[in-house]
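First chain A sits with chain B, and in the next complex the same chain sits with chain C.
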Partner chain A sequence: MAAFIIRRLLWMLVVLFAITVLVFLIFFATPGVDPARQMAGRNPSAATIRSIKHEFGLDRSLPVRYGLMMKHMFISRDLISYGSHTRVIPEVVSATPVTLSLVFGAAVIWIVFSILTGVAAAVLRGTIFDPFLMILALIGISVPVFWLGEVVNLVTQSRLHDSFLFSWVPPLGYTPLTQDPFMWFKQLFFPWLTLSVLYIGFYARVLRANLIETDSEDYIRTARAKGLSERRVLFRHTLRTSMITFVSLFGLDFAVLVGGGALLTEVVFGLPGVGLLTYNSLTSLDLPVIMTTVVYAAFFITLASALVDLVYAWLDPRVRLA
Partner chain B sequence: MAVFEPEAEGIVLDAEETGGGIVGRSPWALAGRRLARNRIALAALVLFVLIVAVSFAAPLYAKHLAHTNPFESNISGTVTIDGKTRQVLEQGGGKLGLGETPIGPTWHSHYLLGADNQGRDVAARVLYGGRSSLLIGIGSALMAAFVALIFALVAGFFGGWTDAIISRLMDLIWAFPLYLLAISLATVLLTSPHGLTIGFIQVAADSLWIPLVIIGIVYVPYIYRPIRGQVLSLREKEFVEAAIAQGASNLRLIFTEVLPNVASTVIVLMPLMIATTILTESALSYLSIGVQAPKASWGTIIQDGQELLYTRPWVAIAPGIMIVLTVLALNILGDGLRDALDPRSKVRVKG
Partner chain C sequence: MAEPLLEVKDLKVSFRTEDGLVRAVDGISFTVDEGEVVGIVGESGSGKSVTMMSVMRLITDPNVIYEGEIVYKGRNLMGLSQDAMREVRGEEIAMIFQDPMTSLNPVYTIGWQIEEQLNEHNDLKKGQARRRAIDLLAQVGIPRPEQRINDYPHQFSGGMRQRVMIALGLSCNPDLLIADEPTTALDVTIQAQILELIKNLKRDFGSAVVLITHDLGVVADIADRILVMYAGRIVEEGNKEQIFYDPQHPYTWGLLGSIARLDRPKPRRLTTITGQPPSLINRPRGCSFRPRCPQAFDRCSVEDPALTAKVGDGHLDACHLSVEDKRARRDATISPELAESA
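Right, the complex of A and B next:
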């Protein structure tokens, strides 16, 4: 196990380094692109361009430039958005709770409903309900999340807003949990549902396939032969084994969502998280902000995926040797 | 004794397959027969072909039915429906009766689904948008498959250091968050005013090639991984050894022994891959870093429709329905192909 941990952590460091190099190359060394002009945003003054050139050492060699970028991003943390003239890193930090609220809530919903759907489909195999649930799951993974969000907004904010069903839905936006927990819940309810649809469909399909596969294993037959009830076989034996894949998938998807994957949902519902910050910088071409969110999010995802692998190796000893 | 026990997933095997011993058929012919018997998958295939055909007939629709150019704004135009002449951009249609609201769905050949806020025919734009979305979706999936196949064949066949280097490179692309990679590439490429010049290749900033290549690169590892594993195990098979004993060259081994055996995996992955790339393209275009104006794609039309969502919802809803239908058809087709070609495979791509 120790060797596995060391190997995995070393690989993580390599990935972190490679990601910063890749981001650096994309933003500072794309052929035919002048990074100073790009960094400065729309209609920059000559002075701004000159100061950027100096700050990022654009007249010096590539390794020096890379070092300067890393220094601004991680040591002095003084990258400045040329759009809003504010420091980038505090902005990213203050947007994080919004993204976390969105992803946590959606994760709870998708875990509960995907397990229910997957187990129901596997148990009801051979009846009409199994294909029906699986078609629903397939529709779930075929719907673009931003479009679903627009349809949800159309129904809850406009067309049926005055009916008794949706009159409680507050306007789009975000209220911090510490300020008004009830409002926080009401404003996030539909974003949570919208974001979780894709994952409910995907996880239900994976879980059903896993359950059916596990069901033909010898130890399940043994469990039945011992005279265990079907319920006990399902919950103590089949479902437990199938959850290993489920858990490792969940770790990664959760990390990807926190690290920018929830961008589309945040944009549609106007939730001021890291994703919306990135999007707003996209529309104003504020490259320092994009660069920072990309690197920080990539770091978060890399750390989380290393953690998932370690947990997975701890759960399943076979992985350590691979 | 049955050598091969089919999964009870609605796959019915032919007598030939269960050892009835009539005529030998190639695995492809058998797979074709199994697919032909899967009605839902066939319906999905028909739907997909229909969507492709309709999208590529967009110029015909625009010219002969809608009589409009969906890329030209028509702010002061009028349209005659049931003998009544109406403005394309009507005054004061909103709740407060202020500003201009484009005409809603007429359910006639002119402005079937209404106009967007520049007075352009939404139905015709959705068809044209389908062309871009499908081109990028199919093109980037093909590109990803082609690149992944080359790398997987080389890495899996030669093994050792070649494999180690290529596989680590793929792990790196895999580890990089997908949307963030696409966003970084797209911002830099799309903001450079004169497009991109690499050597003698010149790409305009609004070229469809930019999103196509970005999405193509991002998905290479998703195809590379399963295929490389397969090549690695095929390399050790007896028939490869036999070919080596006969003095076959490396190229011959790769192309005549290994490649045909991984072809079915690639084919199974393709519809699922196209479904994924179409979704990614629409997301990037919605974020305005995919297809650029004046070109349209389903994603950009949904974005155009966002401002009009509460007054003229069809602008955003129609392209979304097209995306859902296309992606759903491809996912069903992918499941059907998997059952037909490889009933016991566990290959799955994430949507």
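Right, the complex of A and C next:
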């Protein structure tokens, strides 16, 4: 176990190094990028630009500049945004709980409902409910999240807001869990649903296919030959082995969302999360913010993949280390 | 004579497909007595597995159609509810399968899988089920069962896994054990060990055994009675001596001719049965074996031979040839060298 953690940490360092170098090089290879000019304001004199370049180390060679940026990010933790001239790390730190709240809640909903739907469809195969559920899932996958979010907002915030159904829905925004848990829940309720719709559809379809495939395995026939009830065969044998694929998919999707992939949902519902931060920094070519959010995302993705490996080993003894 | 343990009466199993009705089992009847070992022999697709899967009602294909009766201890299994059938499965009739590599659930320890079956059919305390599982593993010859019980299927070799499957099958002391090609996926030395094990356990547990195989050599040692199946029907039935020393059906001759035997002169080459089994959708007119039968004559293409006793008690065959013709001709197929020298 200790060896596993150490190996994973070392691996994380390698990933972080490679990804920061890559982002750094791509940024400076992008045509028209000049951080000094961005920071200098309108009509700057050549002397101002020169002094800014010197102050931020932008007149040094690329490797030195990279080193300086990493020093400011990890050691002195005082990396300054090119755009807003504020410190970047507190910004990311304050955006993180917003994204985590959104993604965790959505993940719970999507796990529960995709398992229910997938199992129901597999069990009801041969009846009208199976194609009905699968078409519903396909619609869920196909609906764009930004459109769905806007429609939800239109209904809950405007058209039907005054009806008894949605009068409880608070204005868009985010309230920290520690400040007002009830408000936190109310404001995140529709974002959770909106974000999870795509994943419920996708996971339900994957799970159904897996269940049906597993059902024809020899060991399921053995389970039936043992005289087990269909329910026990389904939950203890078929579902258990089908969860292996489910879990590996979940780990990746979850990490991508925590890493800023829930951007569209965050924008539509006005949630100041990491996705929104990344999006703004990309449009203004703000390297320090880009770099910090990339490091943040890479951290979560490697962390999630390590967790997935642990769960995977728990689910499937064949991949357990001796 | 006492009532047989299992009596299959005119069983027909068909599957609806896009090309038509596939008659996998086409009207077969046989009995299995208590403590008896019955071998069912035939090539792939002859309906042997489907027959025994039907006895367990394990076919999950929604397109299956059953006809006929399967009477077990006086009860028709075909008429039982799913719940009543579950009581029979595993507890009264157990089944072990061809491929031990895939027949055990890879994510549970073998102990868990044996205990699961014990707990399903008995009211046991946790420690009891575990002790019984360890006993069973010891009985099927797994060394250090106290430790191996916590291992997963992938930590066992093929032969050991088949032993685990046998332990699983015997865990509730079934009266009938169905072994569906239990040795096919194993190498020859392990095959012999597994057959020896089944033979010994049959004696210890007193279960009747139905052994399904495509290899007459496998049943030669342990079967009391042998059914030869072809294209969904029984073409010959008899005890071991009758089948091996006085075979009546040309298909049985072909099967016998295709195995290497130490009690006969060494043949230059083993004979084969030419051609393919017939389509189970459009059965040929007359005898199903006629297109592949070197002995076929006019009557074979017109009239379907019935399974009747012609040579002795309990020895049935479905062939139009006269007994004299059969005895005169069969050595040419079974053992050509012997026929030439005679």
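Keep in mind that, in the parts below, the second predicted complex is superposed on the first by the 257 of 322 C-alpha atoms of A that agree within 3 Å, B and C clash if a C-alpha of one lies under 4 Å from a C-alpha of the other, contacts with A are read in each partner's own complex, and residues count from 1 in each chain.
Basically, a contact is a pair of C-beta atoms (placed from the backbone, for glycine too) under 8 Å apart; a residue touches a chain by one contact, two chains touch by 3 or more.
Worth saying up front: this structure is predicted, and the values here are computed from it rather than measured.
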| item | value |
| --- | --- |
| Partners on chain A (chain B, chain C) - clash or fit | fit |
| Where the C-alpha centre of chain A sits as vertex, the angle toward chain B and chain C in the overlay (nearest 10 degrees) | 80 |
| First, second, both or neither for A:318, with chain B first and chain C second | second |
| When both partners are placed on the shared chain, which of chain B and chain C touches more of chain A | B |
| Touching partner for A:224 - first (chain B), second (chain C), both, neither | second |
| Partner chain(s) touched by A:237 [first = chain B, second = chain C, both, neither] | second |
| Chain B versus chain C as contact partner of A:22, first or second or both or neither | first |
| Chain B versus chain C as contact partner of A:302, first or second or both or neither | first |
| Touching partner for A:171 - first (chain B), second (chain C), both, neither | neither |
| After superposition on chain A, the shortest CA separation from chain B to chain C (Å) | 7 |
| Overlap of the chain B and chain C footprints on chain A, listed as residue numbers | none |
| Interface residues, chain B side, partner chain A - complex | 168, 171-172, 175-181, 183-185, 187-189, 191-192, 194, 196-198, 275, 279, 282-283, 286-289, 299, 302, 305-306, 309-310, 313, 316-317, 319-320, 323-324, 327-328, 331-332, 335, 346, 348, 350-351 |
| Chain C partner contacts - residues on chain A that touch it in the complex | 126, 215, 217-219, 221-230, 232, 236-237, 240-241, 315-318 |
| Partner chain A, residues of chain C touching it in the complex | 56, 58, 60, 62, 82-83, 86-91, 94-95, 97, 99, 102-107, 109, 116-117, 120-121, 152, 154, 165, 168 |
| Interface residues, chain A side, partner chain B - complex | 11, 14-15, 18-19, 22-23, 26-27, 30-34, 38, 138-139, 141-147, 150-151, 153-154, 157-159, 198, 201-202, 206, 209, 256, 259-261, 263-264, 267, 278-279, 282-283, 285, 287, 290-291, 293-294, 297-298, 301-302, 305 |
